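What follows is a pair of complexes built around chain A, which joins chain B in one and chain C in the other.
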Partner chain A sequence: MRKIMYLEFERCIGCRSCQAACRECGGHEAKERNYVEYVDFMESRQTYPMLCMQCKDPACARVCPANAIQITEEGVVLSAMEEKCIGCRNCTFGCPFGIPKFDFEANKMYKCDMCYDRSKYDIAPMCASVCPSDAIRFIDFDEMQALRRRRAQMNLVEGKKPQEGNKWEYVPEFFGVYTD
Partner chain B sequence: MQRLEKSFYSKTSMYAFFVTLVLFFTVWIGTGKFQHIDMALLGYLLSSFIFAIGLTVRMCSWLLRPATYQVVKRSLKNLKDKKRVKRNIISILKTAFENIFLQKFIFKRGIYRGVQHFLIAWGCIGSFAITFGLTFGWMRFDLVDSDTYQIVVMDLPTITMKAHGIFAEMIYNGLNITAVMVLVGVCMALARRIVDKDVKVTQRFEFDLFPLYLLLAVTVSGLLLTVSYTFLDGWMHHYITLIHQITVVVMLVYFPFGKLFHLPIRPLATAVPMNYQEEWKVDTRPCKKCGATYSSDEQIEDVKGILQAQNFDLQLADGSFLADYCPACRRRMRVMKQLNMEAPKGNPYGPIQTLNGIQISGFGKKRSDEFYNIPKEEEKVH
Partner chain C sequence: MTQYLVKEGVKNLIHPDEQLITTHCCYCGMQCGMHIRVHKKTGKVVGVEPRYDWPVTRGKMCPKGVTAYQTIEHKDRILRPLIKKNGKFVEASWEEALDLIEKNFKRIQAEYGKDALAVFGGVSMTNEKCYLVGKYARVALGTRFIDYNGRFCMSSAAGGFLKTLGIDRGSTLPWTELEHTDCFFMAGTNTAECHPTSIQWFWRAKDKGAKLIVADPRETPTARVADVHLDLKPGTDSALANGIMHLLIKEGYVDEEYVNERCNNYEELKAMVEKFTPEYTAKITGVAPEKIVKAAHIYGRSPRSVVMFARGAEQQSKGVDNVSLYTSMALLRGQIGKFASGVATFTGQGNGQGGREHGQKSDLLPGYRKITDPEAVKYISSIWGIKPEDMPGPGVSAYEMFDEIHKGTIRAMHVICSNPAVSAPNLEYIWEGLRKLDFLVVNDFFLSETAEFADVVLPATTWAEDEGTTTNLEGRVIRIRKVREPLGEAKPDWMILSKIAERMGKGKHFQYNSAREIFDELRLASKGGKADYYGITYERIDKEDGVFWPCPSEDHPGTPTMFKEKFGTPDGKANLAVVDWEPAGEEPTEEYPHYLTTGRVVFHYLSGNQTRRVDFLKEQCPVPYAEMHPELASQYRLSNGDLVKLTTKRSSMVLEVRLTKAIRKDTVFVPYHWGKELAVNQLTSACLDPVSRMPEFKVCAVKLEKVSAKEVKAQ
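Our next item is the complex of A and B:
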């Protein structure tokens, strides 16, 4: 898998087509695994899409007492294996991003698997393939680097240059859409 | 105890040794000092020992995981707590009945899957109970007189029964009944794996399909034995015996290391009602930010402990941990951090305040003069 997921929260228009698409994905049993929520409802109507980060060393897998969360060779963190999951929800509370969902009836955890049947073959996951405002994109690594550079450039218009000691301060931080 | 431990290569090897020793001792008792040992089952006996050792090794390595260790530790602590006796008993009985015996949660994933799993599970457990009883010699049949059989358990004579009574027939055919259960279940499971495209997404041959084919081979060869001696006058019986023995040995050696290992870890599900969630679907701990209940204190304590044991640093600047917030707040916190919306909101009409003081021209033109490093007028004059 050479492509990556690229999220731009500011681009989200809150249409929730990503959630509708997620429900359609094979193996998702008509339940969405991603989130679309308001950032700060009292301040603005800005929404954001949220997916699993597919961590290299996932906290959810580390806190699972049944060793049920497995990572594929492509690096996709899968939902808890149904035969192992004991339904304790440790993963839900261990995940720093609050991603795993839990189905009380079927007693199992389910989470974004990047539509493994599609992304395995470099096909965009359901959510990325339907997002009308490109808030969720499934793009090449190089394309992502170019986008990030462009965002950083926007912060340099006043002439301040990043130094070795403070270059991390130059990652984009504005509220607004930067990309074309 | 420490000296005993030191004399072994590892704790695991010590446990494996004692498990083997205890099993050997029970065989010694059960077969009446090896007088009644069934030599036809010797291959099964040896592979059962390997099975027991493999199971011990896998259980030990499973308990070594920080997460499992923490949950098991809390479970044992709660089991000893006298104030929680009622809750413990209720959760153990409830899990044993609903989760392990009836397997309700699988029926909720689908009736077909429920029936399939129920047949495989109880067919396998029943077969294991009968075969282990016979191979370890814990149970055998003695002929009292020409018409009466007696079941001898652990070398102690128990029930007597008519050699051709209904009860006796049921016991003789116990393995056939369980084998048919497994056969039907495995065929249903294989059909599902072939037809259902959803399960193909993550299924792996060596993990999901191999155990099914293995169970199929064991049950088919086992049932062929019955067919051979009842209908075909023992045709090819000897060869089928060997084939059956090979399949069973492969299954017993494979058991602790593959998908079937989910059977011995399932009792850990008791920990959920016992430690974490007394009432189903009822959370007690409020989120630090929004106040909505999302978990229980004990569970969050465990999660923090497990994460700390594995050097996950999820502590925030104010000393609280990410686990103190509900999942919805955690998602929001991350997004607000990324969008720089966490900082206190200033004058909405002034220039936008950013972390690094850098702004895009046009968002708010007016800036403090220090930003441009232009010396002030007064300084120039003096």
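Our next item is the complex of A and C:
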């Protein structure tokens, strides 16, 4: 697998399709493993999605006393192994992003596994597949780098990043300078 | 023929014991492509798989689309006909139900005449079904009273397009071009929530520097990403459009050559917009003059622009005016008929486009033919095998049918694919009408609020149990596939209508074995009309990723871009709209001091009869709420989560308060997807647009009162 998950929070429109789709992944037992929150509903409708960062040295796996959280050869941090998870919930506290969730009925944790049954074949995970705004993307590493560079380029052209409430004042009134 | 269509190199996850069936979502006009997963052995529906290679949506779906398959085998499905006995529904056989319908329809028509029966259709179903509803009303029942729920949805767009461009096609351009557009002017559309998968095109264009101007009283998720948000007062769209045109003319942004060559009324328009200076426009709309000027400059200077609108501008008593004026904005800039530019409405219902073209509207016959045109009547009669003099005349619009019920003209009704007991305005009047009916038949697959009033409920199939075509919001005719056999004794609507036709002695006009046969008849019926489907076949749709109408012959490529050379008007020229701003049907008064506006949330579709039953969607948004600005709320000592009583001239209801600064300080917003005591349409105004007969869902005057939970209980 050469692809990565790429998040662009400001694109998110808060539709929670990623959450609905997460439940649809074959291995997910109809439980979603990602979440979408309002930044501040009182101020604006801006939302952001959050899913597993698939850390190189994952806090959840590090704090697991039972070694239940496995990392695949591609680097995907899997959900806890059924037979190993002792239900101590360390992982849910350890993760800085609040990703591992706990199923009290089954007494085990569950988390985002990047839809491993799809991504291992290079098929996009469900959330990235459906996300209407491309806030979540499943792309090549190189493509991600290009996107990063493009951002810097856009900021240069626009000069100023818009501020809350007076965004329209900063809109340049010319075209074609940075279109393809 | 294979049911799983995919282009070379596209990978999907296919489980060995499952089969994928390629189709589209059942809900909104985006008609997102999807594959439905079916278990091979049992034939049961197990899930959904993205359709990455559908060019319009590229695998993307909103949460409604992702969960749509869950409605198919839902536990609430009606599986056998239901007959009401002593106020309770009991299951019955088809024979029994049809007997009862035949008896009552015949009795009522014998006693009160043919027009005592009415048909209320809908457009969340295939072209085949929509077409047949029109034929059923006119041939099988012989009544002139037929209309459909598009009157609560897109009819103002239709009216406005017809007036200005001469043909009502929801979008003048294919949406795959949108990524090349430089500027979008969007009015009254919260597309991020209502057509979520469209947002990918706007983002893609934005990534290249395109500008977004959004006119909306709320800072919706769409307005949030706008470069200029014109936060106008509800019901002031026509002033805003006139104000922008004033500036386009003043600043020299008009494409004079295009306007001189291709448009009428330019001088009159100039005279009309003369007074709409930014200051005057600001006074009416409540938008800061600098924002109006900024928007006009951005819009005026962009080489390629698309003007878009949706229910916000259309569901007003001036809906047709609003649409015509916004369309004129595009005309002044010479945009219509060119690459990546034009004008478009966001069609609300899945087949809102196709369903309004083929004769479900009170005054239209298939192919957008006018029922008042003797030539059209002659042609369609010949297709239908009836005498032209037997063709009923024009009827009345959806809401006005309820006036006819109250007057006693309409005595019985057949509701197909619609839920007016939630979606119509001024609901108490509607409910009273439904109660007053002698006899009510409803086709549905879930017991809707309307079906609860019925004497007979006939179990229809969902979209996945029948094949057919729909026409998406671009005007692209696409294919819906049969995913599984009908559940229980459910039947597709076309079969139900054919059976009733047979009972009414008109069976010979309804001899169909499949939806495809109906489509072939529809092709013929639309031939030579404005919406010409003659050249479209199921095979072509598969091969060409859908075909855009008009498509008059099988070797015609279809028409992705409309009006390249001329418009659909008699003289081939577009008619610029010359209309002044006029206040809404109901403006705030001392007694009712604020605006009430209604709309949708991303989790629900129309009257919610389907989406309210899907777990995920229900969890995300279980009940309606009243969204308002904290500054407005504090005048009534309301805080987040408090209960507020909203009262309009028609009725009142109690809702939970949700505070946000992302809304005007004079406006309260309530989503409309619920029935009974949770229906905001109890409060909405039935003031109709004079042309489109669209009710004014988006503007009425409201009074606020704080109430406690105790007081509510005591009532």
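Note that the second predicted complex is superposed on the first by the 154 of 180 C-alpha atoms of A that agree within 3 Å, B and C clash if a C-alpha of one lies under 4 Å from a C-alpha of the other, contacts with A are read in each partner's own complex, and residues count from 1 in each chain.
Everything below uses one rule, namely that a residue touches a chain if its C-beta (ideal position, glycine included) is under 8 Å from a C-beta of that chain, and two chains touch if they have at least 3 such contacts.
Worth saying up front: this structure is predicted, and the values here are computed from it rather than measured.
In the superposed pair of complexes, A:A66 makes contact with chain B only, with no contact to chain C. Once the two complexes are overlaid on the shared chain, A:R45 sits against chain C while remaining clear of chain B.
Contact with chain B, but none with chain C, is seen for A:F104 once the two complexes are overlaid on the shared chain. Shared-chain residue A:I13: touches chain C; no touch with chain B. Looking at the shared chain after the overlay, A:N34 reaches neither chain B nor chain C.
Of the two partner chains, neither chain B nor chain C is touched by A:Q54.
Touch criterion met: A:G26 reaches chain B and chain C at once.
Within the superposed three-chain model, A:D117 lies in touch with chain B and with chain C [touch as defined at top].
With the contact threshold set out at the top, residues 10, 26, 43, 117, 154, 157, 169, 173-176 of chain A are in contact with chain B in one structure and with chain C in the other. Across the complex, chain A is touched by residues 62, 65-68, 70-72, 99, 105, 108-109, 197-202, 259, 262, 265-266, 268-269, 271-272, 276-277, 280-281, 294-295, 299-300, 302-303, 306-307, 310, 312, 314, 322-323, 325-332, 334-336, 338-341, 345, 352, 354-356, 358-361, 363 of chain B. In the complex of the two chains, the chain A residues touching chain C come out as 10-11, 13-17, 19-21, 23-24, 26, 41-47, 117-118, 121-124, 126, 129-134, 150, 154, 157, 167-169, 171, 173-180.
Within the complex formed with chain A, the chain C residues making contact are 11-13, 15, 47-48, 50, 52, 59-63, 65-67, 182-183, 192-193, 196-200, 203-204, 207-209, 211, 219-222, 224-229, 291, 294-295, 297-298, 301-303, 602-603, 616-617, 620, 630, 658-662.
Every residue of chain A that touches chain B in the complex is listed here, in rising order: 9-10, 26-27, 29, 35, 37, 39-40, 43, 48, 50, 59, 62-67, 72, 78, 82-84, 86-90, 92-100, 104-108, 113, 116-117, 154-158, 160, 166, 169-170, 173-176.
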